[in-house]
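Since the structure comes first, as structure tokens, the remarks are kept for the end.
Think of it as A, B, C, D and E in the order they're written, each chain with its own count starting at 1.
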Amino acid sequence: MNLTLLILLPLLTAVVILLMRSSVQVKWSALIGASAQFILALILFFTFRKERALGNASQMLFEIQYKWFPSWHISFHLGVDGISVAMILLTAFVVIAGVLVSWNVEKMTKEFYLLLILLSLGAYGFFISLDLFILFFFLEIAVIPKYLLIGIWGSGKKEYAANKLALMLMGGSALVLVGLLGLYFGGNENTFDLLLLSKMKIPIMVQKICFPLLFVGFGVFTALFPFHTWVPDGHSSAPTAGSMFLAGISMKLGGYGCLRVATYLMPEGAREYANIIIVLSTIAILYGAFATMMQKDLKYINAYSSVSHCGFVLLGIGMLTKTAIAGAVMQMVSHGLMTALFFAVIGMIYERTHTREVNEMGGLIKVMPFITTVLFIVGLCSLGLPGLSGFVAEMTVFMGSWQNPDPFHRVATIAACMSIVVTAVYILRAIGQTAMGPINDRYLSLQDAKWNEKLAAIILIAGIIAIGIAPFWLNDLVTPAAEVIMQKVAGK
Amino acid sequence: MNEFLQIKLLGIFSLGMNLGWALLMIPLLPLLGFLSLGLFGKKYLKQSAGIFATLLLAASAFLSLHIAYGYFFKYGKLEGAYQKIIPIQFTWLQFSPGLSIDLGILLDPISVMMLVVVTFISLMVHIYSLAYMKGEERYPTYYSFLGLFTFSMLGLVMASNIFQLYIFWELVGVSSFLLIGYYYDRPSAVAACKKAFIITRFADLGFLIGILILSFYGGTLDFNSLIEKLTSTNSTEFKTIASASFVGISALTWALVLVFIGGAGKSALFPLHVWLPDAMEGPTPVSALIHAATMVVAGVFLVARLFPVFSMSEVALKVVSIIGIISALFAAVIACTQTDIKRVLAYSTMSQIGFMMFSLGVSGQAGESGLGFTAAMFHLFTHALFKALLFLGAGSVIHFIHSNEMKDMGGLRKYLPITHITFLIACLAISGMPPFAGFFSKEEILLAAYHHNATIYWIALATSGLTSFYMFRLYFSIFWNKEYIAHGEVHGEGGFVMMMPLILLSLGAAAAGFIPFGHFVTADGNLLESAFHLQFSIAPVALGLLGIFTAMWMYKKQNNRPDTIAHSMNSFYKLAYHKFYLDELYLFVTKKILFNLIGKPAAWFDKNVVNGLVNATGNSTVFISEKMKGFQSGKVQQYAIYFLAGVIGLAVLFIYIWK
Amino acid sequence: MSGSTIIFYLLSILTLVSGILSVTTRKIFRAAIFLLFSLIGIAGLYFWMQYEFIAAVQITVYVGGITVLIIFSIFLTQQAGELLPKQNKNRVLFALLAAFCGFALTLLQIIQHSFNKTLESPILPTMENIGNQMLGIDENGFSLPFEVVSILLLAAMIGCIVIALRSKPTTV
Amino acid sequence: MMEPGLNHVLFVSTALFFIGIFGFLTRRNLITMLMSIELVLNSVNINFIAFNKYVWPHKLDGLFFSIFIIAIAAAEAAVAIAIIINLYRSHQSIDVENTEDLKF
Amino acid sequence: MLNDFLLLMKSELVLAFILFLLLILKVGKEIRNERLLALIQILLLGNFIFGFFFIESGSLFGGMFATNGLIAFQKSIIGLGIYLISLLFSDWLKKSEHLPEFFILLLSAVLGMFFLISSGNLLMFYLSLELATIPVAAMANFDLDKKISSEASMKMILSSALSSGVLLFGISLIYGVTGTMSFDQIAALLDGSSLQILAFVFLFTAFAFKLSIVPFHLWTADVYEGAPIAVTSFLSVISKGTIAFILLTILYKVFAPMYALWYNMVMLLSVITMVVGNLFALRQQNIKRFLAFSSIAQVGFILLGISSYSNEGTSSVVYFVLIYVFSNLAAFGVAGAISQAAGKERIEDYKGLYQTNPFISWVLALSLFSLAGIPPTAGFFGKLFLITAGASKGNYFFIAVAALNMIISLYYYLRIVRAVFMDKNDQPIAKINLDPSTKLGMIICTAGIILIGLLSWVYDYITTLSI
């Protein structure tokens, strides 16, 4: 399995899209490209499993290394471990669903799909890179497409939101940059190579400075409290696929970075700052949940709930146990699928009712059973219903968090647990007001989902359920990788 | 780890292949019903959904009877004690070595009993609904939800792992949510289903934390090994959990109390019961299945499942018994004042579950002292039968009269003869009249309480009197009292399909008491011969009769006695009528505190402070840039002055200051 | 005190005083004339240092060329007899401050520094030496700068022609 | 009075330099500003000659430098005057305070 | 000797040849501007291509003129820049009355720049600096009908005269202290005495002036706004690049002994420059003025790279300038095309541009992204390498400031992107018919913006040169 394919394929798709003339051609080529990505991701997943089953125990599989800026000791170094494979799968799911959902974008279709594909390119590259430079490169690639997606195709105060998002994310990546340079010059050898750096003993002082830089920098992407304010505005203004990508993929870049770069490379730093991370993420979890409770706009509801859910990711990382870290990764995957689906559903509803205010809706089950069913599923996933992915992820985080026996961690865990109640409150409120209750007459003539929307929803639901019902495959994928990280953190 | 499915087929072969498959099919058949009806019901099974689901469930019920027979009479016993058998188990989610969520099937007396109860009641409800729900627009959906519920409930009772139990616990919650909200266009139903879910969810939080504590100290989530580790007083696990303490209470107690909170929430015990009466917004057969016979006893089942551990902590047991008895009395009092017949039944359910709970609370672990356990399970069993019967009967009445309110009823015995008879049987059973089922189980409970704690006993006794009063209040109000004046065309009782479950259940309610329950279900698996003292039953039966006659006196004929009495104890009546204002209290807590004091400030803070800071950063940058524009004055000489100032400044800086 | 000393001081005073007057007088012609004096004073200093060649160039180019150019441009742009506009006080103050600080700082550094005189034998600035080096291409040759300057002068000329010989009248 | 040496000459040149600067900063007429620049350049010339004479007489670098400076000064002055004249045509004034359309 | 002379000075000779050819053409028969421009474009392309052949290193005229591979490459960058300018602004140039004169002045300035980066001697340095400045000042006045053009020109000539006065004073002091003009010899004779520091400050100030480092930058925006856009782009791209190159030589070679001093100075000025440049760019409405301030901020980054005092520093600066040529010229090219076609230079006039002119909108967006340093454009690599080079001395505070400045700069670059792509406008600028050569120029720029970064051998090539 050649990992460059994961980069080349979106690139090829982008070129093909550029060459297409009519919007129909554009859509189909995007869909074909996304499907190819999807298949490629699945192939990657299965070959990865096969390799592992055959006993290939090296930390990263399918490594390749090309020369790139050798004078800076940069190389185009790619490779995957379980965590990356999980994230790639997530990306593939979200991309194909996003492409499907945006089927009736009529304004500048070509540009729209081009940006979507570029975004996916950035995400794939980010997840497979083993060199911090190209990791950073791909991290930033993903920013501008988001800006344009929101700014051009968005709604509401889109320019403001787009600006805020781009600037805050750039701010985050600026911090990341400084942190990376610290790593580059801080180790005993100037290198950006992740594996080399991981074998190095990075001085404590460097870790103490660089860890917070990197963690906060990546944390901005993952809605680390208090750097989350781009989330509600950005998500709510973005077009449907934009929100899906934003919440489903882009926010995961941050979590992955926090884990793979900050925590893995600087274990002492991680231990040093773990408590702060825990406090912040616990605040984010509860505070996000409570703030969600007061929202009336569906997209805001999901956006704030994303703050809350992504808090689990950071909490898991901050807890520094193997299970918690595995849980954090699962939560990333789960939240990615779920929130993408949620945004897709919101988009479908909005397209029909032309409102996102929950107060103005009601009884939509009657006219759009499919869409509301999806809404139910996604809502239930969000509140952690067993059988859906959210439960598995959250429970793993809780289990992992609980393995720290001291009162501080205990209190944080319990506080985080409390969010499941608040989540139930806001999710049921949203669902109750949207799908249930008496229906407004003007909605009686609305149509249910079309084939593309159905397909998108089904793909994402399949992912959610696959994790929810049979979490062991994800666990098998993620846990060994998490163990590697934990061994480093534990100083073995 | 590399296998997709790691099924440990423990003992499947020793028990014969059939058992494993049969066991698996029991929950999977309803699941199949759920999936097929949920996915394709609307299109392909619009008419035949009910039959389809019923057949599936019948098969499932048959299989569970088969299993029960096999377990109790063939292979369950080893050296005189019923064994815990885990025929199927596989690792679902591995947290760390030893700590994993396993999905499996645990067979022991209570789970087998619950299997029977759940499948049987569910089957009855399925059959009943064939007629009751006919013509509903979302008929297939209804059956698919029923299937989901049955599946989850079966998974719950067969759970071999505490986390598995939690998983199905949640699933049960959600299917209950779906079924309560079945009439989604009624705002009250929507409110009720949300309420039910959120309150049980809140309780589940306790359960979850309890699990976390147990798993941490026990090092496992598996029921058998957990119980094994936490019950032997010299194991290290037990020592640490008993010695670790928080606020002066041992971790073990904390864990158990928290787990119990979960159970209390699902079982609608005081003070987490407020969702149950509202849950009556669901279709009546659903109430029969979920909110009477099966789901609400999940809490009891949970405590019973962990009973060996509970018995290690006196405090925890005390809590269980106190909450149980309070709920029993409290609900009984309220039930006397309610006018919605389903609500009366709901409160009676709560009261009966209170009985089971305190019965567990007063039980010991082994031998004779384990009577409470057996009694609770027995009562659970019989209660399921007669309460389901009551609800179905009520459903039949509602079906006929299209109202839930007592004031719209009266004199229905002529119109609904079968319903009348079966309802009467159920009332007698719940009132503990011999020889109906309730008599035996309640007798045992009272006996256990009597041996253990006098206060509880006396309160329980009073409550059982109240029980017969309010049940017969209900009975008389529906079937006697004023004459029924039919408006327009009167259709008769539901057909055979609706009546058959009533008849079957009434048979059960009449006869189930004679099952020697102590032979099958006991706390330690050994046989428990319950000594039956006739003289002991005098007091409860007499009290029950007193209740019946009082009810008869007040409600058999239309008169103003109830009003007078209600008037005479005005304030108390009002208090009880308004369910002691607990709903209002909850409303206050959620609206005023959760929403206004936490949610609103959080949202405000986010919008103004956090977001404001971000905006302020941007604005201040712009502001500074605006303020600085004077440097670029357009005057060359000004520029030159800055230029020279720069030169001199740099020179001075680097010659004298920054060397 | 020798004659050369006196001459030096006289020349210095001439240069500086007419320099100051040149930048302060409010009559533009006088300013030009004072500039001329100052430049002549500088030429005198060169003579005094026995660099006759450069003194001659100074007089030819500056006094004969640049000053004349300036005076012509004054004719082109200025009504005769008009006083120059007054500068605003603040500007003068800051300029004075900057100039004085700069002067003090620079002079301080120069005085504090002890220049090490070279020990090699001097080359006299005779016409012969200058001429040889000006066109030499070896170590001490200056033919390349010479060429560069010539290109510069050419470019400047063309620039001047384009700019100054504009045909069309001003519109904007 | 001392025998004049290097420092004396340098005093003169430095003073002239800053006199020129002062003129540049305060003169509002563009031509007078140009005149101040000429003073500045001349002071540098004095420097070069003085250093050549007193410190580094072994080569004629300073002398040549001055020669080239003079040439450049001429070119610069020519261009500047052309520009000023052009400016005068469009602005009808060569007061530097009148040319501030471009700012902020 | 003659061989050496021809080979080592070949760039200058070719340029001088073109220059004289133009002179002769000017004197001779009148040629239509279109033809002349086409000829010039071809000649400049030839000049650029020729720059890659016969590269040798060595010195001439007693060390006054030195060249090597890196310098040849730098000259190629400049050659590329003027070629692009001749393409991008062909519309304006064709309409110009003084096309040959423009190119004579331009080429003599370029010749000055070539000598400048090849200079090995303070005298040559000074002379070629003036040669590179005075003609440009005259060129700034080439919009003869515009008041602001002459104002800009005036501001430029006066300010640069002052700065060269200061520079000369510094040079004279250095001469007084060391007794030599030659770069190689000066380095050995410096010891960091305070007079030397003063002299260095005077000298450095001239660089600061030409590079528009704050607080010596104030002329920049005014001149950029007033000058014809072709001249502005020349000033902002080529002139700056050249000065950055020679600054590298001066700091790394001549003032190497005073490294500790100039490191601090460069760092300090770098930060101030970035911040002030960005803050001013934030509120500009005129695109040229906006680009002026953005280029000031870019200079801050160049200083960051310079401060590293290493081969990485050299190569990253050269690399950045190369990228900067493409990015900034693309931006100026678009601004020029719009200004020429619609006469609009305000950012708000750009609203809705994408609807009518998608091609130039994308070119503009790409160039702005590159200027902002966003991948995959080359600007990302350029900026990142500068920052990395700057970070090699471990001064993370400055690096953090630099990184945060990237955010501010992103804000204002996005402002234009937003106007072009997002804002609605009832009367967007009408469809512009681009001259084919302008289009070619834009395509070259775009290709450069995308490829220079991704193809790492470009950078590697520079690295091999800068050792």
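Criterion: a contact is a pair of C-beta atoms (placed from the backbone, for glycine too) under 8 Å apart; a residue touches a chain by one contact, two chains touch by 3 or more.
None of these values were measured; they are calculated from a predicted model.
Taking the definition of touch as given, a chain qualifies here only if it contacts subunit A and subunit E alike; those chains are B.
In terms of C-beta pairs in contact, B-E outnumbers the other of B-E and B-C. Of all the chains shown, the one with its CA centroid nearest the global CA centroid is A. Chain centres were defined as the mean of their Cα atoms; on that basis the chain farthest from subunit A turns out to be C. Using CA-based centroids throughout, the chain positioned farthest away from subunit E is B. Spacing of subunit C relative to subunit D, judged by their CA centroids, is 5 angstrom. Note on chain placement: the centre of subunit A and the centre of subunit D lie 65 Å apart, centres being C-alpha means.
Averaged Cα coordinates give subunit D a centre that lies 27 Å from the centre of subunit E. With centres taken as mean Cα positions, subunit D sits 97 Å from subunit B.
Touching two or more other chains at once are residues 17, 20-21, 24-26, 28, 33-34, 50-51, 55-56, 58-59, 64, 68, 72, 75-76, 79, 82-84, 86, 90, 97, 99-104 of subunit D.
Residues of subunit C in contact with at least two other chains: 91, 94-95, 98-99, 102, 105-106, 109-110, 115, 118, 140, 142, 145, 149, 152, 156, 159-160, 163, 166, 170, 172.
Within subunit E, contacts with two or more other chains are made by residues 123, 127, 130, 134, 137-138, 141, 144, 146-147, 153-155, 158, 162, 169, 173, 176, 179, 194, 198, 221-222, 283, 411. Chain pairs that touch one another are A-B, A-E, B-C, B-D, B-E, C-D, C-E, D-E. If you check the complex, the residues on subunit E that touch subunit A are 312, 315, 369, 374-376, 380-381, 384-385, 387-388, 391-392, 394, 396, 399-400, 403-404, 406-407, 410-411, 414, 417-418, 421-423, 456, 459-460, 463. Taken in their complex, subunit E has these residues touching subunit D: 123, 126-127, 130, 134, 137-138, 141, 144, 146-148, 150-155, 157-158, 161-162, 164-165, 168-169, 171-173, 175-176, 179-181, 221-223, 225-226, 283. Residues of subunit B that touch subunit C in their complex: 637-638, 641, 644-645, 647-648, 651-652, 655.
On the side of subunit B, the complex with subunit A involves touching residues 1-2, 4, 6, 42, 91-96, 99, 101, 163, 166-168, 170-171, 174, 177, 181, 184-187, 189-191, 193-194, 197-198, 201-202, 204-205, 208-209, 212-213, 215-216, 590, 594-595, 598-600, 602-603, 605-606, 610-611, 613-614, 618. Those residues of subunit E that touch subunit C in the shared complex are 16, 19, 60-65, 98, 101, 104-105, 108-109, 111-112, 115, 123-124, 127-128, 130-131, 134-135, 137-139, 141-142, 144-147, 153, 169, 173, 176-177, 179, 193-195, 198.
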